[in-house]
Each structure stands twice: as C-alpha cells, then as structure tokens.
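I've put the structures underneath this note.
Both complexes shown next keep subunit A, but they swap its partner, so subunit B is in the first and subunit C is in the second.
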Partner chain A sequence: MSEKKAHQEITAKLRAECKRLLETGTVHTVIGFAPGSMPGRTVPVFITNPQEVAQLTWNPFCAANLSKYLLDHHQPGGKAAIVVKGCDSRGIVRLLQDNQVLRDEVHILGIPCRGQYDHRKIPGGLEVEETEPLEQGTADVAHPELHLEKCAYCENPTPVIYDLLLDDAVAPSTDSKGRFTEITDLEAKTAQEKSTYWDDHFSRCLRCYACRNACPACTCRECVFDQFDPDWVSKRNNLTENTAFHLIRAFHVAGRCVDCGECDRVCPVQIPLRLLNRKIIKDLDELFEAPTPGTDLNVKPALGDFTPQDPDEFH
Partner chain B sequence: MIMKRLLEFAGLEPERFQARWISGSEGAKFAATVQEITEQIKKLGPNTKMRDTDE
Partner chain C sequence: MPAILKKDNLQQLLASLSQAYKLVLPVRENGMTFFRPYQTGLTIDPDYINTATSPKEFLFPQTEKMLSFKYRESADISITNEEPHAEKLAVFGARSCDLAGIAALDPVFGGRFPDPQYSTRRDNVLLVGLGCRRASASCFCQAFNIDPLACAGADIAMIELEDCFAIEARTARGHAQLANFSQLLEEDHSGGVKTSLSSAREALNRSFGSLPDPAGVKDFLDRQFELPYWEQIASRCLGCGICTYICPTCHCFDIFDVTRGKPDGNRYRCWDSCMFADFTGMAGGHNPRPTQKERVRNRFMHKLKYHLDRYEIGGCVGCGRCVEKCPVNLDIRQIINDINKLQGVEVNGQ
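Coming up: the complex of A and B.
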C-alpha cells in the first residue's frame, strides 16, 4: 500500500471510530492530532462533539506524545480516548504503573508508526513544496534520514498497549547496535571534555520548562522547580543553576523516562536532553537488566522495586 | 549508582561523589573512608564545576 493510502485509511478509520466512541458515550473526550497552521505541523486536539471528528488526522508529522494530556483529561467514572504511537504508548504504561491514570479511564487508539519526520531536518525547512509530499505520503520514497533521531532505533513502533490498533503491526528496528553509540562515545571522553560539552548546552537553557511540561514522566502537581518557599532550586539563569536544574530534572524522571524524546523535541534551544535521559536508561539496563521503562506493564520499574540480587557498589 | 554515573556523565570527576555503606558500629571504617576520600579530593584540587553563582 502506498504511504498516501495508508495515511488516508488510518485517518478515515480513526475518525469513524472516534465518532462511534463519542456517540455511544464510551468516551467523553478524544485526544488526537489535527492539522497545524502549516504543512509539517500538527496540533493536539480535544474533541467532545462527535460532529467534530473530521478535525482528526494522521500523518508522519504527528511527533508529539499526547499521553501527558491524560493527566488533565482523565475523569473518574469516564473515559478519554487517546491516539498513540508506539513510543507514546510506553508513556501510558508508565502513567498506569504509577496510578496517575487508571486503565478504565482511558481508551487507547494505537497507530503502528513508520517513523516521524523532524521538520528541522527537512531541506528547505518548512517550505510547502518540501513538506507536503512527505505529509501526504505522496513523496516517491520514504525518507528515514529525515526522521526524528529516536525513530532510527525504535523498539516499539507498534504500541505496547491499546484497545484498538488502527493498522497492521510494524516490526521494531533490528539495528540494536547503534542504540547507545552516542552515549558510549561521550562516556569515553575525559571529565573535562564531558563538562565542557554539557556546559555549552546548559549555559543556553532558557529555563522555560517546556521539557518538563511535555514529559509524561513529570507528573508532580507541584514541581520542585516552581516552589519558592522553600526555594529548592534557585531560579537564577546561569550555568550553575541551569546545571542543577538539568541534573535534577534528569534524575527525577530516572526509571520513569520512557525515551519518547519529547523533552528534546520541544526544547527551543536544542539542548540534547534525551542524551542525558538515555544515559540513565542505559545504566538501568546494565545494572538491573531493566527494559526501557513503559515497555511492559507487568515488569516492575527497576527503581521502584527491591530484589536481593540488586547490585551494590557502596561497600 | 544511577546518580553517580549521571554526575560523571555530566563531567564531574568520579572521586568527587562517593558513597559507602558504613554502620554506626564501624567507627574505624568511617575514619579510614573519610581520610581516603579527603586525600583523593586534595589531589584533585578545588572543584570548578557549578561555581558561578556568587552569594
């Protein structure tokens, strides 16, 4: 099937299913993607009226992980439907594991994903001529080199949890070799080199907290970075305080970060936040043989569980 | 363990952040550990990381 046909068919199926879900009262809200104001952009949309399902769309520019919105849109005794890709579905699993959302409050519409485009990589930027063929699937060939970085080694293109799957399952990347290369490369450098690398990035941070707001693992209602009394983390925007912010942010989501890459994608100054979080995922794998968080609802989170076999280095 | 690795990944020298299990009855181990760490840190000299916030 051509890409175009696939997008159209999925979109049509999605709209029909959401219409049915809303009409029958199975769900009170549908959280999905709608076209943005220019090609290559989609925006989250929240639909409660079955007549409005035509807003929903599916194309390879649906990069956002919508699972965070469940925190605001779940209602006791009712269900929200949500559109997820494979990586997003890990976010839902992790929210379920933390009881942030209950399984019967969510109706998961899974879409197996063939990769999402990164418009920053598209030559010509956001030019309509460049983007539209990719968006509509009419480009002669798929362009995996223009995908978001995370898509290259995707472990779960097919959602790991769903109530309905809207397309045939997609096989995961078999190229597991390159998965942690960027991390091992940086690990091999000296402390000074590593420090310089991060200083260059952290010094540019605006402390806009977009990374935190997009993250499905950041679920605290009151965030340590917002509090003034006690003033746990200074709000000053300098290298020291920014470094403190970044280390604390990364550590606060340790064991819960599902590697959806949203922090990285939403950062307006392109700080490689995902690299920091993936370092932790790599260590969890090496120390606890823990899979990427959110992969399996029944695997207890490595940092939320104790076993006598856990490694100990501090004797 | 995760914290230690994260700090090292961010460019902190491994010697600067260390952790040990020492029980309240292991006074000698505590003293020896503190001495050992102090020597290591002295060798490294003053920390330069995260020092640009003046009070």
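Coming up: the complex of A and C.
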C-alpha cells in the first residue's frame, strides 16, 4: 500500500472509531491531532462531541507525543481515547507504570508509523508546495532525510500497547548496529571536547523548561526547579545553573526516559537533549541489559527495581 | 534621502562600528540565527529572516545583578547597588518588529520611575535596523501596521537591495555615527534606489501570508474576561516558557537573593514567565492564577489588551517567534481569528 493511501485510510478509520467511542460513551474525550495553523504542523485537539471528529487527522507531521495530556490536571473529564505512535506508546507505559494513569481510564488508538517529518528541516529542504502533499498524503516521494533524528533508528514503529491498531503493524529495523551511533561518537570525544560540546549547547539554554513540560517521565506535581526555598537551582541563566538543570533532569529521568524525543523536538534553541538520555539508555542496556524504558509494561524500570540475587552489594 | 552602501563595504562598516561600540550582529549558529558579538571577519547571516531570540536581552538581560548586601551583627546591613551597565552597544540588523518591541518596552522601564539599569543601557545603545527581504510563514507584523522595511525607532536604518544597501540616519546618534562612515557611502545620483526599493517592497509584500485582523479584539476583550475559550487553549498549552522568553515585548521578572547560606549575598532579577505555575505564587500558598486557563488568558490579554490599556502601544509586534516555536502550535494569529469569530457570535446573539 502506498504511503499516501495509508494516511487517508487511517484518518478515515480514526474518525469512524472515535465517533463510535464518543457516541457509545466508551470515552469522554478523544485526544488526537488536527491540522495546524501552518503547512507542516499539526495541533493537539480534545474532542468530546462525536459530531466534531472530522477535525482529526493523521499525517507524517504528527510529531508531538500526546501522552502527557493524560495527566489529570490536563484532562479531568473521565476516560480518554488517545492517538499514539510507537514511541508515544512507550510514554503511555511510563505513565501506567508510575500509576499516573490507570489502564482502564485510557483507550489507546495505536497507529504504526513510518517516520515523522521535522518541520525545522523543511524550510531549507522543501518548498511549501511540496510540504502540503506530504501532509495530505498525496506526495509521491517520501523524504526520510527530513525525518526527526529519532526516526532514523526506530525500535517500535508499531505501538507497544494499544486497544486498537489502526493499520497493519510496521516491522522495526533489523539492523541494530546504528542504534547508538551518535552516542558512541560522543563517547569517543575527550573529556575536554565533551565539555566544550555541552558548554556550547547549555550556554544557549533559555531555561524555558519546555523539555521538562513535554516529557512523559516528568510528572512531579512540584518540580525541584520550581522550588525557591531552598533554591536547588537558581533562576539565574548562566552555564553553571543551566548545566545543573540539564544534568539533574537527565539523572532524574534515568531509567524512566522512554526516548520519545520530545525534549529534542520542543527545544527552541535546538539543544540535542536526547543525546544525554540516549547515553543513559545505552548504559542501562550495557549494565543491566535493560530494554528502552516503556517497551514492556511488565518490565520494571531498571533503576526502580531490585532483586536479592543482585551480584553487587548494596552500599 | 538614503545613501548607498556597496555590499563589499559592509564588512568595513561592521569593523568601524566595532571600534566605537561593542557590536552584536545576527550570526548563523547551530542552524539558527542569534545576535552574537562581532569578531574580525564575522559577518551577518545572509539568509536570516529573524533571529531565534529577540534583541530585548541587550536592554533587559535574562539575569541581572541588582545589588549585593553584607550583614554583620555588630553593624548595620550594608548594601552596594550594582552600577548600571553603561557600555556602548550597537545592535546591528534589528528587524522592524523587534524595534517595535523595544518601543513597547520603553514605557515599561522608562516611565515615571525610570529603571536605572534599563535606562542606562537604552541611553547607550545604537540600534541599526535592517529592513526585511521576505516574511517567514509565521511573520505577521503588518497586522499591527508595522512596516517591515521602515525600521521605525532605529538610529540608523538600512535596507538590503540587489547589489547594495540603502542606508540612512534617523536620530542624532545615528547621524553622528554615520558621519564616520562617509567614505564608505555614496550618494544615489541616478535615483536607482527608489526604483529598487519599490520592487523590494513588492516582493516582501507578496511573501506575507494571510494576516489576522486585530482591530476589534481589544474592544471585545474589554468586555469579555470569563471566556470558556481560554479553557480550550489552556488544555493544549504545555505551560512552558518558550513564548514569553523569545517574545520581544514580554518583560516580567522575578527578584530574589542568593545567599549560599551566609548572611552575605547578592540580589538578582531574572526573566520570569506568566506561563509558569509559580509565577503568581504568593506567600502563604495562595495562587490567584491557579490553572493554566488563567495563565494563558493573562498572556494573550497582555499582548492584545493590557499593554494597550497601559501604554497605548500594542503588546504584540507580529514577529512570529511564538508561532514558530510553540511545541503544540498555539498560534496567536489563530487566537485573534477565533476571538473575531466569538465577537461575531456575541453581536449576532444580542
């Protein structure tokens, strides 16, 4: 099946299913994507009226991970249906494992994904006339070079958890060699080079906390970075405080980061935050043979579990 | 009548400017454009539409020390105010929207009780505006009657044409500086600039998408505070600070002391964001804006109403940064359109 036909068919199926879910009262709200305000964008929508399901869309610009919207301070209404890609579905597992969301409160509409476009790559790469066909699913050519970085190696093109799958499953890449290429490249740098690399990025940080707010592993009701007494990390924007912010955050989500790449996508100054978390995922893989967090609901987070058979002593 | 600066002479102009001022200019970095300090040989990003962050940071830095204090039991508290920053700074390549942003900040910090830090920086800055060649998909300055070629508020205004820049001084400071460059400038004997300008304007106008119409928005918001509409917007909003921190007119700050557990310390003010939950947190735990609904309402009311109420200057200049960067595509142009629709419903309902 061609990619363009798939978009239209998935969108039609999605609308029909959501209409049914709302009409039968199975769910109170549908959380999905609607066309955005510019070419190459989509916008999250919350639909409660079955007559409004025509707003829903599916296309390769549905980059956002909607799972964070499941947190009750966003959606107080009751059971919600949510549209997820494979990477997003690991975020759902994250929230379920942390008891932030209960399984019977969410109806998961899984969409197997062939890659999401990064609109930041489009202005130099494609004209609007070419973006729109991609969005509408009428383009004849796919452009994997314009995909988000995370799509280059995707472990779960098909959601790992769902109530309904809206298309045939897409097989993951069988070539596991490329999985951590960008991390091994970074690891090969000297300490000084690493320091320069991250100093350059962290000094640009605005401390807008978009990375935190978009993150499905960040669910604290009061974040340490919002506390001012004691002020663990000051509001002052300088390299020291910015570095402290990013490193504390990376360690806080260690073992829980599901690698959905939202931190990378939302950063307004393009700090490659996903690399920090990927490094920890690689370490977890090597030390504990732990899968990417969120892959399996029944596998507890590596750093959130213990066994008396642990070969290392507790200190 | 603007003079002509040949493109080959731009580098020399930047070098001369950097002699008299600390110079910042739009430079390509990590795939984006930022104002960065001039170094020999560094030149402006030839393709930038606008910088990723606004130039407000040069007048109102994200982090600013206000004073230091010392406390000894045997003596009074001694306070040393931080001297205002009097460095001469030239911002080269500011767009019309960002110059309008500075004009919107001026009455905030320069009103009846002028802020010494802002006022000193403002008195020492040379603003060199550069007219736009094209609009991005998120640009909408024209909706607020800002002319992207006019560089209103600049000390020196420049417009890039095919093979040269049109350049003219607008203020005494601009004239004084431009006089130093007279050997780099030529007069427009043939009158060619005028023709090139009109074709530049045509090309620029063509590049703008459809513009929102904010004309009736303030009037409507004057009457409507409790709109259920804000709940729709709030349900999507992630509550991050991107829009406020990259906005050329947002100017909220927080003041706090850093003491490191000792009785001595420093007082700072830093940018704060009305999108953050703790922004209106009060002693005792009360928060008058308890949910994101009140917070997003405040932001858009501030942009489209409050700033006009207070200063008769728009709080949004249509630079489009928030439109471009919002992770969930909250687009203020769409909000203006939606408010116009709500207004239609209100009128028809009466």
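The rule is short, and it goes like this: the second predicted complex is superposed on the first by the 295 of 315 C-alpha atoms of A that agree within 3 Å, B and C clash if a C-alpha of one lies under 4 Å from a C-alpha of the other, contacts with A are read in each partner's own complex, and residues count from 1 in each chain.
Note that in this section a residue touches a chain if its C-beta (ideal position, glycine included) is under 8 Å from a C-beta of that chain, and two chains touch if they have at least 3 such contacts.
Since the structure is predicted, the reported quantities are computational estimates derived from the model, not experimental observations.
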{"item": "Partner chain in contact with A:280 - subunit B first, subunit C second, else both or neither", "value": "first"}
{"item": "First, second, both or neither for A:238, with subunit B first and subunit C second", "value": "both"}
{"item": "Subunit B versus subunit C as contact partner of A:149, first or second or both or neither", "value": "neither"}
{"item": "Touched partner set for A:254, first subunit B, second subunit C, both or neither", "value": "first"}
{"item": "Touching partner for A:163 - first (subunit B), second (subunit C), both, neither", "value": "neither"}
{"item": "Partner chain in contact with A:198 - subunit B first, subunit C second, else both or neither", "value": "first"}
{"item": "Contacts of A:52 with subunit B and subunit C, given as first, second, both or neither", "value": "neither"}
{"item": "Touching partner for A:213 - first (subunit B), second (subunit C), both, neither", "value": "second"}
{"item": "Subunit B/subunit C common contact set on subunit A", "value": "234, 236, 238"}
{"item": "Subunit A - residues contacting subunit C, complex", "value": "36-39, 41-46, 64, 68-69, 73-75, 120, 123, 128, 201, 204, 206-210, 212-214, 226, 228, 231, 234-238, 262, 265-266, 268-270"}
{"item": "For the subunit A and subunit B complex, residues of the former touching the latter", "value": "183, 186-187, 191-199, 234, 236, 238-241, 243-244, 246-247, 250-251, 254-255, 276, 279-280, 283-284, 287, 303, 311-315"}
{"item": "Of all residues in subunit B, those that touch subunit A in their complex", "value": "1-14, 19-21, 49-53"}
{"item": "Subunit C to subunit A touching residues, read off their complex", "value": "30-32, 34, 52-53, 62-63, 136-138, 232, 235-236, 238-242, 244-246, 254, 256, 258, 268, 270-273, 276-278, 291, 323, 325, 327-331, 333-334"}
